[in-house]
Amino acid sequence: MQDKKTIVLGVIGSDCHAVGNKILDHALTESGFNVVNIGVMSPQEDFINAAIETDADVIMVSSLYGHGEIDCRGMKDKCLEAGLEDVLLYVGGNIVVGKQEWKDVKYRFNAMGFDRIYPPGTSLERAVEDLRADLYKDHRAAV
Amino acid sequence: MQDKKTIVLGVIGSDCHAVGNKILDHALTESGFNVVNIGVMSPQEDFINAAIETDADVIMVSSLYGHGEIDCRGMKDKCLEAGLEDVLLYVGGNIVVGKQEWKDVKYRFNAMGFDRIYPPGTSLERAVEDLRADLYKDHRAAV
Amino acid sequence: MKLKNRKLSEDEFFDLRKEVLSQWPTGKEVNLKEAVDYLKKVPDEMNFAKKLKKAKEEGITLAQPRAGVGLIDKHIELMNFLSKEGGADLLPCTIDSYTRQNRYKECEVGIEDSIKEGRSLLNGFPAVNHGVKGCREVFEGVDKPLQARHGTPDSRLLSEIIHASGWTSNEGGGISYNIPYAKNVSVEKTLYDWQYCDRLAGFYEEQGIEINREPFGPLTGTLVPPSISNAVAIIEGLLAAEQGVKSITLGYGQGGNLNQDIAAVKALEEQAESYLKRFGYKDCYVTTVFHQWMGGFPEDEAKAFGVISMGSMAAALAGATKVIVKTPHEAHGIPTKEANAAGIRNTKMTLSIYEGQKMFMSRELEEEIEIIKAETDCIINKIIEVGKGDIALGTVKGIEMGIIDIPFGPSKFNLGQMMPARDNQGAIRYLLTGNLPFTNEIIDYNRSKLEERGRYEDRKVDFKMTIDDIYAVSRGKLIGRK
Amino acid sequence: MKLKNRKLSEDEFFDLRKEVLSQWPTGKEVNLKEAVDYLKKVPDEMNFAKKLKKAKEEGITLAQPRAGVGLIDKHIELMNFLSKEGGADLLPCTIDSYTRQNRYKECEVGIEDSIKEGRSLLNGFPAVNHGVKGCREVFEGVDKPLQARHGTPDSRLLSEIIHASGWTSNEGGGISYNIPYAKNVSVEKTLYDWQYCDRLAGFYEEQGIEINREPFGPLTGTLVPPSISNAVAIIEGLLAAEQGVKSITLGYGQGGNLNQDIAAVKALEEQAESYLKRFGYKDCYVTTVFHQWMGGFPEDEAKAFGVISMGSMAAALAGATKVIVKTPHEAHGIPTKEANAAGIRNTKMTLSIYEGQKMFMSRELEEEIEIIKAETDCIINKIIEVGKGDIALGTVKGIEMGIIDIPFGPSKFNLGQMMPARDNQGAIRYLLTGNLPFTNEIIDYNRSKLEERGRYEDRKVDFKMTIDDIYAVSRGKLIGRK
């Protein structure tokens, strides 16, 4: 058995959308990850502190309400400053205002230092697969 | 009072759409025109014969079912052959297959010799106005 | 031709058949024996009758689009698009207008031109010209049961070709594919020709092959009072049953008043069952089809989607076995495949929300069912009476007399003295009953409903109301208020 | 702050007011005397409360979108587009998320950036920053009554500014704008702050100016059982009435089971009236608002239109006074003005088809109304009990205890032990009742409804059901079947 990987999970900024967060928590836990859920309305700092405290492998940022682009700015730098260069940065939800060309959105978030960027309607299976691919070199199941 | 103008009305080809035809008949009659309604499923010849017999001023062709373009081909020539050069040719309904660029449709029917070409959803008021403009030089009401 | 409502004998049928198959060269391709073998191999899930039966048993409503283009490969592409991208449960082949008039030569031109111009100049699929070979190619190229949908007064050859090709359902009937679709064709002739089509389906039934038949419910699609279309549907059902048809789908076109729409479907199903029983047709399986709004549509696509969903909801709540789907392009012209698929997806979404939900019985629903049934009984009983017990003969005479009178029917055999209008809740009532054989009570009921609206709008109850009502939906309202 | 459910005295109110108006420079712009004069000149058709009353009397359902952008001119343009191209009957100003958190400095940045980039970086209209001057500019630039729609725990300054600007309605409440929208804000605090907002509306009422108040009905929009949201709505209605509010619009978010949705609206209206009477608030005018599906939407626009129409239809049949409109972009992000207008047109089409049509009473509808009322009574009575007769105090305690428990509420003050799921017809039932003060009968009823589904699907009745149900609509189904 491989060791359990730790994911810090939360919804960034002033965003109160809680449903996806609760389901992600449940599903990732069920899939064998160690989930540290800092919940909704979390500033960048809370993600970073939680990652440091728990020696996390991944930070999964949710943003639903449209201010994601503003809220995520500078997060990668803060991670680097905090010595979290190896921690993967995922982001998903409805991360920009409105229905935009996905290519452009992805490009902008890539440039901001995010490793994986998910469009609206992403299935949990997809996220879990990616996590496994990124975290376990042999791509085997997490547990 | 001006003299009553005569309109030959009908639905061309194998087209059975009867509702618009019955309403046009009713409305044009109410507006003071002399309506000669040859009804649905009428070949070009029936329009022309009716126009000759009744010394008509306008032929109003309806086509709803999509074959209008095929059904109307050569109609102007037949009118000319029959000596109906002064009879106005109107066409309306859903005159082509599908939702097409109206500019193109109008162009094609103009080229076929139609004087006025109406898109789906044309109001009766609009048609009556045009008739009055075309038939009475002083644009006054028909009766 | 001596019309009579009795099953054509095998001799009569095969006699007629010779002539039918010689109407166009592709008729030669039909070999009944071989066709029976072919149809026996059709898997259950590709059989229209079986799929309908299953849906009814499971209490779900299936979605079926209308669609057809001139060329085989394009048509297959279209069907698969509607199945895969739209999620259609049943597939149609809408037949072009020339075929409907048996003008196969013009179809040939249409096919050639369509090839040349690279776009369909035909408004449907010319199945006769494509023959058994072409129609089987379609059938084998799709993944859902197929039905021919047309509007053909004489569709005998068409029926031969499609059924032999694995298409296990055929829409139409001697009244419903005449009065709304033709001008000069006698009712006697279409009833006779549709006996043939029904007999053909009955023949297959005798060979153990289930073929579904569906009278065209909505008629002219324009303010048809439920009792008119229900009476026609039941009569056509009875005529089909006499010829040996077992799988019968009776249709109704949405009127717009939810209570009336649901009452109409319930009345239709119940009365059809009871008339079939009364005339001794015991093992027929009756399903229902609900047509989304068949009258003039709004041009705006967002509004069109509203009309479409509204039809899906009514269909689901009425418990109809299937719903015929309109598209957001309806007001403009034949839809693109994308618009058609969008109409289906919209419909399926609504249907699945209401899956398992039915309209519960209320006093008002009961009342509406009663009035529709009473009106329908008046019509059918009178038809039987004037036919001296023969419902086929009664129909010919009845239409002549205006016992059945279809609003805005283009046929010269239609009396055209009946006139409908909406009442104050939007239910379709009789403004003028013409020669309809209604009791005074029924006439008064209808009148009083319309007077109520007249008072509300402070207007006369007259033909202006009818005209305003015809335009209303396309202008974003149900009732054409003053 | 000593919370108590009694009308704030003028002294208390004006004391608090000083502090409120100093929260941001634009507070200085509010002059109550001048505002009263301004509001007295607002014509009837621009008054939200009056328009709702008229609609209720005429038995029609009005359509209102959600919309808001950062800049004044763009917002006016948006409003007029929705009014003219969409046909909206009532207009909203959806407030941005920074304003909702009283973070006006960040709004300032958002406004500047929006000007620079030429597109709105804010997800709503920052009314406080724009002040009375900006908000009046909006009001004077539009042709329909305006309402602020937000999700602000402390909206005292916002309320001052919008009402002084001619916006005659304000959405929100001490529970409904806290539990679904906040994480750390105490219920005591929000109830207190909303007493202020209500008192402000009540003050205007005393001056003869009708101001409408609307508790936010759908809460988290996610599988909220009707009795939870109805209890919250009624409590917030009672709290508002105590402060002198007269025009109260109570809301409900569509669940998807038509019978339950209609029962919920009927129960809400009837129970609200009777509780208001019981507590002696005699001249309140109660209207209802039905929210089209508030949970996750399907991405496909054709399907989204199906969900939208379905909500309009339920609203119309329930006889709701207005319906809040979703858009075909819902699953993706804040809609373009075109998508928003399309949602309204779709809604209006459906509403006008069903204008004048209501759901008739059936045994099943009666039963559903009874169960919702019984559940709601349990909750409200217990709240009153633990508050020792004070419904404000009871609410604080009750939420702590889980007497009110909102599914998926992000607030840390929400107990979160209740869990909902759909029954076999798609009605929302209690899977876990947590600390809800239900009788055994009610608990058994809910359980048995879910067991019925469990048997049908051959699955355990557990949290997996809830999760599947949450995703279902966005995946094209109502019930998340196994």
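Chains: A, B, C and D, in written order; residue numbering restarts at 1 for each.
Everything below uses one rule, namely that contacts are C-beta pairs under 8 Å (C-beta built on N, C-alpha and C of every residue); 3 or more make two chains touch, one makes a residue touch a chain.
Source: prediction; values computed, not measured.
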Could you run down the chains that neighbour chain A and chain B together? none
Using C-alpha centroids, which chain lies at the maximum separation from chain D? B
Per the C-alpha centroid definition, the whole-Å distance linking chain C and chain D comes out as 45
Distance between chain centroids, defined by C-alpha means - chain A, chain C (Å): 54
Distance between chain centroids, defined by C-alpha means - chain A, chain D (Å): 31
Is the chain-to-chain touch network here best called a line, a ring, a star, complete, or other? line
What chain pairs are in touch here? A-D, B-C, C-D
Contacts from chain C onto chain D in the complex sit at residues 256-259, 298, 300-303, 305-310, 312-313, 317, 341-343, 345-350, 352-357, 360-365, 424-426, 473, 476-479
Sites on chain C touched by chain B in the complex: 97-98, 100-101, 103, 110, 120-123, 151, 180-184, 220, 222, 295-296, 299, 329, 331-336, 339, 408-410, 463, 467, 470, 474
Going by the contact rule at the top, pick out the chain B residues touching chain C in the complex. 13-19, 22-23, 26, 39-41, 65-67, 69-70, 94, 96-100, 120-121
